[in-house]
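Listed after this line are the structures, all set down as structure tokens.
Here subunit A shows up in two complexes: once beside subunit B, once beside subunit C.
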Partner chain A sequence: MFEATQLNRKNKTRQRMFSIGLGSMTGLLILPVALIMGMLIYKGAPVISFEFLFTSPTNGMTAGGIFPALLGTVLLVIVALLASVPLGVAAAIYLSEYAPDNWFTRAINLAIINLAGVPSIVHALFGVGAFVIFFKFGTSILAASLTLAIMTLPVVIVATRESLQAVPMAFREACWNMGATRWQTIRSVVLPNAITGILTGVILEVSRTAGETAPIMFTGAAFFLPLLPQGVFDQTMALSLHLFVVSTQVPGMPEQLPFGVALVLISMVLIMNSLSIALRMYLRGKKKW
Partner chain B sequence: MVKLGVKDLSISYAGERVLEGVNFDIQEHEIFGIIGPANAGKTSFLKAINRMDMFNTEMTVDGEIRFNNVDVSKIRNVYGLRRRIGVVFPLPVGLPLSIYDNVALAPRLGGQKDKAELDIIVERCLTRAALWDEVKDRLDSLGSMLSGGQQQRLTIARALSQDPEMLMLDEFSIAVDPVTTMRIEDVLKELRSEVTIILVTNLVQQARRLADRTAFFLGGRCVEVGVTEDLFTGEVQDQRTRDYVEGRFG
Partner chain C sequence: MEQPAQNTSSGVDASFDQLNRDWYIDKAVQVLVFLGGISAIVFIIGIFVFISKEGFGFLVGDFNFKEFFFSPNWRPTSESKETFGILALVAGTASVTGLAMLIAIPFSLGAAIFIAEFASGKTREFLKITVELLAAIPSVVWGFIGLAIMNPIIIETFNVPVGLNVLNAGVILGLMAAPIMTSIAEDALKAVPDRYREAAEAMGATRWQVIYKVVLPAAKNGLLGAVLLGVGRGFGETMAVLMATGHSINIPTSVFDSVRALTATIAAELGETAAGSSHYQALFTIGIFLFIITFIINLAADLIVRGVRKG
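Up next is the complex of A and B:
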């Protein structure tokens, strides 16, 4: 009564074919990541030391450490976050909770999607025109960070809007029905339940910001600086640009040094990403409904 | 005294009529039942009363609803209106806050900050909603993690925490077991002396057990309003009402 028919057998073969096919495609994804990490660790790890991380480059950058670049990247990320997070979160709250569904809102949403699609070199040129020249910030940390902030704004907005919209509508309606204003509802029920998703988005933004090179090249990052930056109107070195410089611009560079810089940069990004994943897993465990 | 006066009410969504020609008065301290099959316009009617149409741009309300003899469409402070009207939904909504905070939310939104005062309100409302004994030792645990029946009683406690003059229950027993339903029904009978209750239900027997008067909605019209017992003993004016309460359709 349960003998396989011709059709059963055919379906079973096909099912197995797809399972194996799709599975091996997925497996291929790991390959580039593993190769990149493997090569970086193999070639770069010997360079990494306490001195490498915490001293300045010497000898025309062919020796010494990368501290100014490391510090510069951290500064750029922090200033960029200070600008983009309040702006992005505010915009997302408005779009998700207040904005009526009309042509204007749809135009804004379209603008955000387009902003995410603008190539980073175009952002760089915009940054030069707007922040360096028009606002007279000069080539500085401020100008570079603001350029980065605008570039990563869509990441924050989309992540925030999605975590706000994951809060069930019934919660809002329950609040409205008891006489709460929209803001009271957002403050007491919506935001507390969306905050973790927002944080995840912010961390993703950090890793994106840290790795960008083009937007900061013309707006605030320097080839080499003998001194550390003293304020946001100073230029700074940055890891991503430093990597470009040591791998292409300096003759007589020891072969391993660029790999060391790359390893530091990618470790920063990976640590940030793992933090965001850990946070998401923690949240899933604490889900409140 | 008339608590809620409804005159020539009609409601449409994006130009499509879902309810029209509603005329009746609801007396203070009365349990007013509304029965009728799905899509009769019952829930839309409740939304119009506490001005939830504000949150739906497609919903338009014509005619007049007077609460405490004030036209609700002319009330500027709709938040004040909503605070006087407690609402309970078909599906229980335990907010993802602690049990305590669920009940303390409305008083807090209303400006109550005194902890001792809040403690009293929380205990009183949970007790009246027949939930206090089950949760008094774990007021800090999440309201959204209670069982369905408990969450529905929590929702009622929350509605009571507003100290409402009127309570609107929309098919509250859909997701609740029969025992809990009977407990909530007992609660409602006790509340009758203090608040006016609008009870929307698709269980005609529930309306019979609780409601003083009952309206029958059908296909976007209010077919009949009368003393509940009359509807069940055949003193009806409309054949459709008789058919519905006797279970011949719907």
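Up next is the complex of A and C:
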């Protein structure tokens, strides 16, 4: 008969120890953040109301709502997406469908990694030097959105490239054999099969764009504006910068209000990310190949 | 092909025209997507060119290599003599990033091993999603957490006058960098082929022995890449360190000292400078320095990770 030797038992306890140890490390990573989120909700939730979301700040921002900042963030995100989604999808199509495996493609990949890795404040400097000064957009929604678009371009490229590459090669080959050109194949076979994956990337980008602060500080977002922006060459308020302003720049700020702003911002971002994850899981469940 | 030709000769022509048009559209699209593809390279070069252009006047004018890198005095607006030394700012960035990595590296590697090798099914799925959501929290929210939640906790716990210091920013940055490092490290562990594990298990190794002797050595480069990317992220983080470090120029001697980081200096001062002044240009010069350092870190991480893919 086989009986557990001392060595077996020792190994077993040791393995359990490691499993518990590593598991609690994981827990310790998540738990503080969960507590912090709980505190944000506890302190921020009482502030949030219909009025808070849809009125302007009053009394030197110490009272009133956040509507101009909320609207500004939506505008910044829309303009940034208009610029980065077509460009990012084109780049991903090139990398997935056309690019040969050579040094040049590696250079493009390295540039994408670096675009994602360059500090956000350096992107801000670039936005000032290029869009505000050189292209003479001034500090405007356009300049800020383009800065954001370039910064978040890697998010779209990477997500799109992954979903394009997930389309089996056989689909393309079948289409080519029918005499279709490369573009006809991409348009009628590859893109329709990858569109949901691309959408997850776009949603992720919305979340990234909405949360960024540093790149818009000097390119188009203002601390406070009495009027709503009328066009893309106007400045705007933004939710992320508004959180920075109300928590550091305004004397006599009631303690609760910044918590409300933080809660709105983080809810926006986390809802977007959850949506993207849910879509991805739905897609994985549906996939037939 | 789609429409039956009414008259043979013009039908052939039409189908020829159609083919011709398809061919031209195909070529046009190829050029368009190629332009999209090279845009990333164009932007990286553009970033370097434009920040260099704005910082150029300082580099050829007031810039003094010894003063810039070895003087702890950052006094860009001094009446008597302006000095542009970034040593104290580098020390601020280094101390905060260093503390953040001390916290983030062990925890994120531990969590990555747990998620990749021990957890299974629903637990694994839940942890992966949680880690992904944690990584999405915007940096300005982290800064606010440092300011509004960590600050009073530190003051109370350690009985110090100011809670905005290296400790605060280090913890915040550690919590921020950990989810990203965890998911990259987990990818690296998952990239180790299952046959390695099976071979070791067939030899009678326990789960931990498999991990320790087989999986970790095989994933070594990917894990190192994850750590490097975490360092790069901490180094370049702006809003959180701007809000949580206390913002005083200082070479720290303890974790309770307030410091100021390179990134935060740009964020705090750029709005107050006149375009073209040496202060303004000096801030862009710090930007060039940050760009070069992060470029090197990302390049190194990429080379290391690529090394493991080939091997």
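As a working rule, the second predicted complex is superposed on the first by the 286 of 289 C-alpha atoms of A that agree within 3 Å, B and C clash if a C-alpha of one lies under 4 Å from a C-alpha of the other, contacts with A are read in each partner's own complex, and residues count from 1 in each chain.
Here is the rule we use: contacts are C-beta pairs under 8 Å (C-beta built on N, C-alpha and C of every residue); 3 or more make two chains touch, one makes a residue touch a chain.
Keep in mind it's a predicted model, so treat the numbers as computed, not measured.
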### Message
Touch test for A:L115: subunit B only (first), subunit C only (second), both, or neither?
### Response
second
### Query
Which partner does A:F171 contact after superposing on A: first (subunit B), second (subunit C), both, neither?
first
### Query
Which chain makes contact with more of the residues of subunit A, subunit B or else subunit C?
C
### Message
Quick one: is A:Q184 in contact with subunit B, with subunit C, with both, or with neither? Answer first, second, both or neither.
### Response
both
### Message
Contact-wise, after the overlay, does A:R161 reach subunit B, subunit C, both or neither (first, second, both, neither)?
### Response
neither
### Touching both subunit B and subunit C, residues of subunit A
181, 184
### Query
Quick one: in the complex, what on subunit C touches subunit A?
22-23, 25-26, 29-30, 32-41, 43-44, 46-47, 50-51, 53-54, 106-108, 110-111, 113-115, 118-119, 127, 129-134, 136-141, 143-145, 147-149, 175, 178-179, 182, 206-209, 229, 232-233, 235-239, 243, 263, 266-267, 270-271, 275, 283-284, 287, 290-291, 294-295, 297-299, 302
### Message
Under the stated contact criterion, what part of subunit A meets subunit C in this complex?
### Response
11-12, 14-15, 18-19, 21-23, 25-26, 28-30, 32-33, 36, 39-40, 86-95, 97-99, 107-108, 110-115, 117-126, 128-130, 133-134, 150, 153-154, 157, 181-184, 186, 207-208, 210-214, 217-218, 240-241, 243-244, 247-248, 255, 258-259, 262, 265-266, 269-270, 273-274, 277
### Query
Which residues of subunit B touch subunit A in their complex?
50, 52, 55, 57, 79-83, 85-87, 89, 91, 93-97, 105-106, 108-110, 142, 144-145, 155, 158-159, 162
### Query
Inside the complex, what are the residues of subunit A that reach subunit B?
100-101, 170-171, 173-181, 184, 188-189, 192-193, 288-289
